[in-house]
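Following are the structures in question.
After this come two complexes, each holding chain A, first together with chain B and then together with chain C.
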Partner chain A sequence: MKLPQFELHRPTSVDAAARLLADLGDDGSAFSGGTELLLAMKLGLIKSRHLVDLKGLPELHGIELRPGGVWIGAGVTHAEIEASPAVRAILAPLAVMASQIANMRVRAVGTIGGNLCFADPNSDPATFLSAVGARLRTWVRGESREVAPEEFTVGPYQTVLEPGDLLLGVWVPTPPPSANVVHLRMKIHERPSVTVAAMVEASHGEVVAARLAVGSVGPKVLQVDLGEELRGLGGSAYSSRVGALVALLAGSIPLLPERPESPEYQRHLVRVLSTRALEVGLAAATSSAGRPAQNGGGEA
Partner chain B sequence: MTAVVLTAMVNGRPVSCSIPPNLLLVDFLRDELGLLGTKQSCEVQVCGACTVLVDDRPVSSCCFLAADIDGRRVQTIEGLVDTPFYERVAQAFVRHAAVQCGFCTPGMLLTAKVLDERGTPMTAQQLRADLAGNLCRCTGYQSILDALEDALGEGPQS
Partner chain C sequence: MATVITNLPSSKAGSVGHEVPRSDARVKLSGKAQFTGDIRVPGMLYGAVLRSPLARARIRSVDLRAALALDGVVAILTGADLMDMDPYYGHALKDRPIVAIDEVRFVGEPVAVVAASSLSVAENAVNLIDVVYASESPVTSLQAALLPDSPLVHTKRARPGFAHGLGQLPDPEGNVCYRYGFSKGDVSNDFVQAAVVVEGEYRFPAVYQYALETHSVVADHRGDEVTIWASCQHPFLVRQEIADLFDLDLDRVRLIVPFLGGGFGSKSYTKMEPIAVAISRKAGRPVRVVNRVDESMVTTRRHNMVCRMRTAASATGELIAREADFWLDTGAYADNGPRVTATAGDAAPGPYRWRSVRVDGRCVYTNTAPAGSYRAFGAIHLQWIGELQVDEIARRLQVDPLEFRCRNVLPVGGEVRAGAKPLDADLVGDLRKVAAAIDWGQPRTEGRGVGLSVGLLAAGAHPVSMATVRLGADAGATVLVGTTEMGQGARTAMAQIAAEVLALPSEQVVVRGTDTQYTPYDRSTGASRSTTVAGKAVELAARDVLAALEETAAAKFEVPLDRLSARAGGVTDGERWISHQDLIRARFGFAGGELVGHGMVQPSRGSGSFAEGPVFWEVCLAAAEVAVDPVTGVVRVIRTASIADVGRAINPQLIRRQDEGATLQAIGNALFEEMRYDPEGMLLNDTLLDYRVPSALDVPERMTCVIVENGDGPGPFGAKGCGEGAFAGVTAAIATAVAAAGVPMQELPMTPERVWRRIQTLGHPDREGEAS
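And now, the complex of A and B:
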């Protein structure tokens, strides 16, 4: 398979790249690692005649610890997140999540920005970032804006960005000291069948706040705030409430048509992984109160 | 289509030329430089047969622009032979019969090179996880994992 013909542009600032892309309109595509874009172009799914390389934009690179969280540039690769001491310091499960994406080659080249902007429903980062309350910083018609991950994605392969808009990076807040983040996924094919992330904050074994995000099964990440429902609960009261809430969620979550997995199987996975994430979340938040969220996640 | 001027080091040798922007790295290596050790198979970054190292990072050359090696170092399987690493791993592959048709082997060895560069001995479990992105249709994998554990693992190195 060969790539169709195109011109390659290499701007060196966000402003220049954004202007170029705005002028090119539907004829142009932003190009980072190219792990999705070049693939889609080889398969004839994207027919851009101009690629605007974002790798030369210094604004999009770097991971930085700042008061209250960590800033990750849109051009940062999954491998860089996986290896980042700053990420591990405030939110180790994020590094573990990055280490499970695709394979070593895609992680070495593919960026977090490319993952989010491609808006493939099977996105581990979109799901994880939604659960931890991350904010995406975008560049929209020359202005910097902030948007929640679950609002950034409109549907499969569609984001709020228009030609000439860019994703600059991701702000990940440090979770509260008594919170715990758990990410779980089940993968049979290349990308996850279901990916789930939960953040549970607890005090003396009882829930203070809880958020769950479920990705891969539906057209976009579903994020639910379970704080109201679970606050003050612990032990078996928590478990039975989680069981009921998750059963409801698994039964009603919108599913994408034409997935290789059957609807029954997808709903089953949503139920099992969500329950497990919330259970592990509370147990770990209780045992690690006062320490930063360090619990890992993993392949189910 | 405006040509792109490219200057890079491929297997320690300087390369300087003008190429079309849509040229894929795998085609540049095979067709322009005659480096046929880089194999093309799935074409969608899943199988690992086309793995090469760009500035020591593994990439699928089937979905990577040749234009993006400008100013960088590329290592293919041809650049790995005659190194002590190659001797060590190739001998382990022979000992464990980890090669049958050999199509996946260059990609396996370049991936192993990345693991070796980390400088920490690999456990069997880590090897399994890190090699999950390299497919082999002959061996059933066990012999490859055994060879790499032998060469990169904690045991006495040969």
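And now, the complex of A and C:
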């Protein structure tokens, strides 16, 4: 259970880091907060003999308000997101979500990029970012590219990145003024068993756009755009349509095998949390139309 | 020169009954406290254990060549090294080999131990050991173990261990290794006559004690003696077992116990010590063996259980009869299973005035990790079941559960069990106090439930403890007592007891860890016994010192002894006062010497078999308010109240901390803790990611500990123990509260999914599982 020996590399540019990782191939791992990587190495699950420390890359740091949204570098810690005035200004629920990740020690060193790249299916950020339409900026064979969070993850602990590719940061667009973001999760064990995030945009009590993301139950985040299905609906028509859509989703969502909870109960939770998120989403969007309406996250 | 003062110093408030700060707080908070894992001995090697990946298999061959070739490996121990001794141990049943011999009986059983120059070399060597197993079909559940044609986990008849103390061993009966039962009255007839009968089958999970510190040992075996630093709760019992096992004289086995990072029963009796001694014997050097968490989780655990119980009452609201059959899964080796079975049996009736009772408990071997002691064992297994049935009867008779209990509980002096000590607590008084603390009878919000529970736990274990108090020339006292400080505050309480007798400030009394070479004998630290039994020995030892001081003072003041008493660090006859220092100086004639006092507690009668106890009946009485979310099945504990019926509170603050800790553990045991095994006997959740323990987020909005001081305990100043009762009491109160919220559960833990499923069933009465 001791950390095996490794060589630590400290590149100072994205290019150098990417080249180093490409050369090392499976023998190298990108290293930032280390909250997942070092544990996996202690357990012998990852046997990299070279760690490439990305903390020295200036491009990966900083949270910046820009026209239309906020840029969060991949090397930004959860604690920095939690405390960021820029994040709170455009999307307070993101700060709340970050404040609920793991524990204070993990949040102090663990990074948003590390979390997304480790791709643990029982995790909140990917689900949340997927619902708010965030885009991940990657560095793939010397080129900058953009990918949606739900596309970035391929499966448990697997992303689209190849050795030598890097995640540079996350672009979070400012939600429309009449949109509301709701993040709910249920923790039965240490990590969330179900994570649900919804963004509902409404006008005069009727839906303009709606997006739902469900994570922690399946191998990767499932994101569905419900805009077409729900547009123009409000009140009981909305509720009954949400009920039907969510029942369909809960019944068909792929689940991870060998979980302590039965598939039946997991699907029940997906249905309950998704319904709550979409209902609260519309109610709050309606009650605060015209202002940047946002709802905090919470435990189910 | 001795100074006699006629202007008496004020009698500063005594030590007992005061919230004296913990004497170990500073060293622990500053990181200076020493635990076994911190100990480094010159020449010490590091041990690592190869554990079985299979639950039941024959060992075909063990090839050590590659491991021995590794640079830094000094020795490897296997079953083949144990041929020159009787390598089986176990304080209750001598059924366990130091390391596996020819066969393995659970996933995680030690097969070989490597001693090497560093931990990483030792761990690498473990991975190079090549063992060929022939797998056999394992018995991994109670159900499988009890089938008539089940394979036997042990084929040889068990031998009684050195601390068996549980009467005759039963005849071999499949995988049942111990059986405990009793009956009184005509149970069958009473059930026929009864107006109301409630019955059901109930399940209790295997859980892990989860002390923060894992099992840790450093052993140094040389020649005909061995020194062991160990994280053990019962150093003197471990000494005895090691002496027996390795055929050494008792005084050649030395146990040194620094602070423990929590015990809760997980470090009761012998655990990793035999392995450490055996590898040190082979290596010829001291060896350190420290478990990882996943290794400690297969070293000991709490017994899972199946219980069938039924309870009968008359139409006029009297409880008349109870029957309980239960099966405790003790895993591959008995460990403390027989005692757990007996204690569970004693707890099964609950403290009520039965006309008839029948209890039959079996302790069953399976191919899973051995199960042993854990805080409130036995009582926690049975109390929630009995109390759920009491509540159901009260509901059907439309009687308030509090009044129903007050009407039916045993009075002071009532017979708890034939041949045992009569009830030594006022349960009606305790019930009224706990009810007041939870605002019993007040209207509740929808989805909330409030529950009560009352039970008794045979406490104190075997009452044998010695203590020595030394009063130095500077009037500082040192207490030598074998109680292990494992977070409960024992050293603080012991200091207070000695300080009270000698009228010293408790900071002036030092209590250190046990070193069996110098510390007098104490049976064990557990069963809520330390303050009561070891504390009594400390009180007597301090009184012995005081007697010597008073003897000198009597001569000096020329007054009879009965005129003298201790006051403010000295002795007074009511008019004059002289300090302890001056008395010591006067006695020895120079500025030196010391007074040494001895105290001894021994059984007042009999040979110490189980039928003669207990030292006292620990009251397990609590109330809880819960909120049940009918949609997700999540149960939240809103408030709890527990009774600490302690006779006399030596340190009220330490008592409250005991009940708070027990309450949190009860919340874990009742709501989410559960060790899950796959059909092959592999533990599935051996990390904190998957095995959830209570955290600060699970703390109820309010926890009230009601301290009851009736002065009715056998310990110092009328004290009796506490700390375990709340665990059984709160667990049962959470179960009755969830039932009061409309969801009677028959299986712990009450996970969200189980509660949700139960609610689904309750919605369809024809699908209801519970018999009536």
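The rule we apply is simple: the second predicted complex is superposed on the first by the 299 of 300 C-alpha atoms of A that agree within 3 Å, B and C clash if a C-alpha of one lies under 4 Å from a C-alpha of the other, contacts with A are read in each partner's own complex, and residues count from 1 in each chain.
In this section, contacts are C-beta pairs under 8 Å (C-beta built on N, C-alpha and C of every residue); 3 or more make two chains touch, one makes a residue touch a chain.
Quantities reported herein were computed from a predicted structural model and do not represent experimental measurements.
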Superposition-derived comparison: chain B or chain C, residues of chain A touched: B
Contacts of A:Ala79 with chain B and chain C, given as first, second, both or neither: first
Touched partner set for A:Tyr157, first chain B, second chain C, both or neither: neither
Partner chain in contact with A:Arg191 - chain B first, chain C second, else both or neither: second
Which superposed partner A:Tyr265 touches (first chain B, second chain C, both, neither): second
First (chain B), second (chain C), both or neither touched by A:Trp71: neither
Partner chain(s) touched by A:Lys2 [first = chain B, second = chain C, both, neither]: both
Contacts of A:Lys42 with chain B and chain C, given as first, second, both or neither: first
Common interface positions of chain A, toward chain B and toward chain C: 1-2, 4, 190
Chain A partner contacts - residues on chain C that touch it in the complex: 119-120, 123, 292, 631-632, 634, 672, 676, 684-685, 688-692, 751-753, 756-757
Residues of chain B that touch chain A when the two form their complex: 1-2, 4, 20-24, 27, 43-46, 48, 51, 57-60, 62-65, 67-68, 111, 114, 130, 132-134
Sites on chain A touched by chain C in the complex: 1-2, 4, 186, 188-191, 260-262, 265, 268-269, 272, 300
Sites on chain A touched by chain B in the complex: 1-8, 34-35, 38-39, 42, 51, 55, 79, 102-106, 108-109, 190
